[in-house]
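Common to both upcoming complexes is chain A, partnered first by chain B, then by chain C.
And now, the complex of A and B:
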């Protein structure tokens, strides 16, 4: 197989796995025979993999529901529920799935306040949902601080959470098994970092968004289906192999004459397939990074049992996309922007400012100022990453094209 | 005499609640006192008072726009912090010697980041991390955050905040709560001696002036209210207002002009603030404060694991105050109150209690639509 055939195959495998994250996948997961837990938001895969249970994520299922031919109908149905209509549509969709009674009854619910007010609200709806009244619940308090004491605080809660999972599911938490899983997780983290290094090459060797896909397989799919966890490692290794070869031969993305490299520092939209390929083909503009392809993976310190939980807490709080950017001071977002633009040779920064992200809407000026100080052209959009009707991909394309032109990049 | 007392104190409180630098605050500053602003009610005033500082609850109810703040925030952010921040940019909060931002919701939290980097020069600014789950481990965490705040205040203001001083402040603020509770309790009567709108002004004033003076005024007001019941007035409906904000009289005034009476509220500036008291026993005042905020009073809808407590409190108010219906109000783009009121409405419906939800801007462009909806609601529940 040539490079592109390998990449296409990896892409197809990823897309096939992503079906597990949809509402249909959530229902299938409940029938797998494993203890079945539903979380309000992103979760560490190491715990479900080590304890061998299936964990589905509500906001991810909601986000998946905003893609595809039924997206607009789904969003409108969710809006009719009567909660805040400017709520992030992935959360609104998840709330709709809940209230519409189309979710299976889980063995346990884990909710948290991260990464944002909307997901916190969703978690509280899950807590109060009457058909799940008898389902055991555990609520995690994700702190906004990022000092060692914050990581220790959250680590203690994770420890308590594993005890509760054991009690509910009968699955034992064995430290040796957990260490093995953490070591494998660290290996995946190194592979992702290796891919990030290779991505820096000019021209960029493969679509940078492959990092997001690898990350989502290793994190979300593995949490849903623990058997996928080792396969994620292999998927990443195959991605590295093909990318290394392309870098060696100085090959760029197939069919793309790279002229501009930009940062899209927010979630990749559910309508991204209508935007990014067109930017690549028509303008030679390559999106080098988004929240999920950044996937700032903090390695887990496996040196002692004491360290492991606070380290995994740090990984969750500082390495989880959205949690990293929405839970912590704006300085972290701004520093990320400057660092990514520098390290990945980005010519410009696009701040999508998703309408449901109260955080980015509250610090867009700070991001703009830091870009200006560092000579990085900056574009503010204000789109809905889950609903293309709010600002269509065509309008976004036109705005970006004009922006690149006036910035002297085209 | 008591009617005169009532009138004069309510006039004083009205003036205080509608301005920022009121005469009491100005006097405090002229005497060398320093004023520290704070967002939101989970930030314990006790710590500031113990340091000889005057707490001032941040609000923008006299704001006329958000033009300057719109450079920092977008219209997808709640309008309450936008109006407050706009006033700051206009120099209206220059009287503050410090600001403590409690990290309650996403937009409020980023007021801290913007304030720090804006042209507003406030000598001291601190972000107080707060837990978002009600539980024992969270008490310890919050106690630790309060200790950090105490240290930051001591260092920045050159003061010493001893445990004894904190206990004194706890007793002072508990007295405030007891007096406020006593005034609220008078509204159980068929003929409440104080309207819902007046009560808003009483509560807002309490977070805008020196506490000792406020307590003295409250005592006088309480005594005069006890003897000023007007039993000739009857009302079409007894209402409860629940939701964010609560530092203006827009809802209460509209409802009360339609011959309803707001007999209680569960709002961020109102009834939620005066709930219970902090335990005055034990060795560690910070732990007592943390327990109160995290376990006894987890009333912010951002705090998980406490909805049932919040619902029980509201159902109890409805029973005790013989309430005919609830008006829920929330600011546009407030995700937390959106979910809370959605759940509350569902639960009240199952109890047969009518309710309506109003989404509004902090400073609404138009009162007409709000007025029409409230009128329609009152007509459906009229006694």
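And now, the complex of A and C:
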């Protein structure tokens, strides 16, 4: 198989697995014979994999729903139900699924305030949802700080959460098994970080979005289906092998004459297939990084039980996309932008200013000023990454094209 | 006294302590002028000096992977007299020391014999550069810069100047914000890349990027994780000061960084407290209207 055939195969495998994250996948997960837990947000796969239960993530199901055929209809239905119209649409979709009664009753609910107020609200909806009144609940309180004391605080909660999961599901928490899973998780993180380094090559050897796919398989899908966890490692290894070979031969993305490299520092939109490939093909503009393809994790420290939990907490709080950018001070966001642009030779920064990201958008001028001081052309959009009706992909394309032209990049 | 002066003294004292503990030390003095520094380097330094990527298979040695221990400290002062300008200190093994340990016994015997001649040694070194990379060195990098006209206003730019990217041939700093995790390529090692090279390259880059810098001193520590952990504690304290500097700089630019608001002090608290009741009423009205329309 040639490079592109291997990449196409990896892509197809990933797309097949992503079905597990949709509302249909959530319903299937409830019937797999494993204890079934629903979390409001991004959850660490190490715990469900080690304890062998299925963990579905509401916000992710909502986000996947915004890419589905009924997306616009369901978003509007959610508004008609009384869900706040200005809410982030991935959360709105998740809230719709909840209020419409199309979610299976879980064995347990885990909610958290991270990464944002919208997900916090979703968690409150889940906690108060009457049909789930008798479902055991656990609340994680994510701190906004990033000191060792914050990681220790969150680590303690994770430990307590595993005890509650054991009580509710009957699944034991075994440290040996957990250690094995953490070591495998470190290996996966290392592979994704390796892919990240390979993107520095000019031209970029592989569509950078493959990092997001690898991340989602290893983190989200593995949480819903623990059997996927070891397969994620092999998927990543195959991705690295083909990418390294392309770097050795100085090959770029097939069919793309790379002219511009840019940073899209937010989530990849659910309508990204209508934007990024067109940017690549028509303008030679390659999106080098988004939140979910930015691998910045500290390894899990397996030297002691105490260190495991607080290092997992650090990984979650400082490495999980959106939690990193939304829960912590603005200087972290700005430093990331400058570092990524310089290290990956980005010619420009695009800040989508997703309408649901009011926390991050509050410092868009800061980010713009920092970019200007560092000679990085900056564009902010004000789009909705989950609802293309708000600002269509065609409008986004035109704005970006104009921006590249005005910046002298085209 | 500048904010980081106590930490410059702390770091230099810590290095002296490590030396007193018997740690292997090597000190080199870089020449004073930029041209002389660049001219003496075995590798290229500057924009596009490197491809930017060093593959795993091309790695001679890794420095500071998180398991081995890693720490990066950057300090500035307006008192050049606090530093020994041009001094590069290495505590622990050098990059070139990694290669020999990579070789198998047979390779050593075949290549180097009993080191009976310079040629044997040369063959041994060449063979070591082809060997797989060693496990990562624990790695701490301490950069201290001084200039009479340096102030807190320069701090953010100074920090940004440390981002290496493709500026040093054969050296790649991984994109990892927590500390410093880097690779040296086989090709660079074969050209004679050592910590002296790295130190001089960093000096050349920093001085070129910021003419206000009058003196630079750099120290590298590759002894063991315990020593790195001690320095990492300093790095954490320095990081706190660093954030305060950034905050003050942004305040000067007009950004309102302080966010001391909470529910108790918010003028909109009464609205928030009753919002659920307001929503219920609104939904009731909306339902009535809908039912009315359907009739």
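FYI, the second predicted complex is superposed on the first by the 409 of 410 C-alpha atoms of A that agree within 3 Å, B and C clash if a C-alpha of one lies under 4 Å from a C-alpha of the other, contacts with A are read in each partner's own complex, and residues count from 1 in each chain.
One rule holds in what follows: contacts are C-beta pairs under 8 Å (C-beta built on N, C-alpha and C of every residue); 3 or more make two chains touch, one makes a residue touch a chain.
Bear in mind that the values here come from a model prediction, so they are computed numbers and not experimental data.
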Do chain B and chain C fit side by side on chain A after the overlay, or clash? clash
After superposition on the shared chain, which partner residues are touched by A:366: those of chain B (first), chain C (second), both, or neither? both
Taking the superposition as given, does A:19 touch the first partner, chain B, the second, chain C, both, or neither? neither
For A:120, decide between first (touching chain B), second (touching chain C), both and neither. first
More residues of chain A are touched by which chain, chain B or chain C? B
Identify the partner contact of A:141: answer first if only chain B is touched, second if only chain C is, both if each is, neither if none is. first
Between chain B and chain C, whom does A:331 touch in the aligned arrangement: first, second, both, or neither? both
Which partner does A:83 contact after superposing on A: first (chain B), second (chain C), both, neither? first
With both complexes superposed on chain A, which partner does A:167 reach: first (chain B), second (chain C), both or neither? neither
Thinking of the overlay built on chain A, is A:389 touched by chain B (first), by chain C (second), by both, or by neither? neither
For the superposed three-chain arrangement, which chain B stretch in 2-10, 20-28, 38-46 or 290-298 runs into chain C? 38-46
Dual-contact residues of chain A, meaning touching chain B and chain C, are 82, 329-331, 365-366, 369
So, in the complex, the side of chain B touching chain A is made of residues 71-74, 76-78, 103, 105-107, 109-114, 117, 127, 129, 131-133, 135, 137-138, 141, 144-145, 301-302, 304-305, 307, 330, 332-336, 338-340, 342-343, 357, 359
Any idea which chain A residues touch chain B in the complex? 81-84, 86-88, 91, 95, 111, 113, 116-118, 120-125, 127-128, 139-145, 149-150, 153, 156-157, 160, 326, 329-331, 353, 355-359, 361-366, 369, 382
Spell out the part of chain C that touches chain A in their complex, as residue ranges. 51-53, 55-57, 66-67, 156-157, 160, 163, 165-166, 172-178, 236, 243, 246-247, 250, 253, 255, 257, 279, 282-283, 286
Can you list the chain A residues touching chain C in their complex? 82, 148, 193-194, 196-198, 200-202, 244, 247-248, 296, 298-299, 318, 329-331, 335-336, 338-340, 342-345, 365-366, 369, 373-374
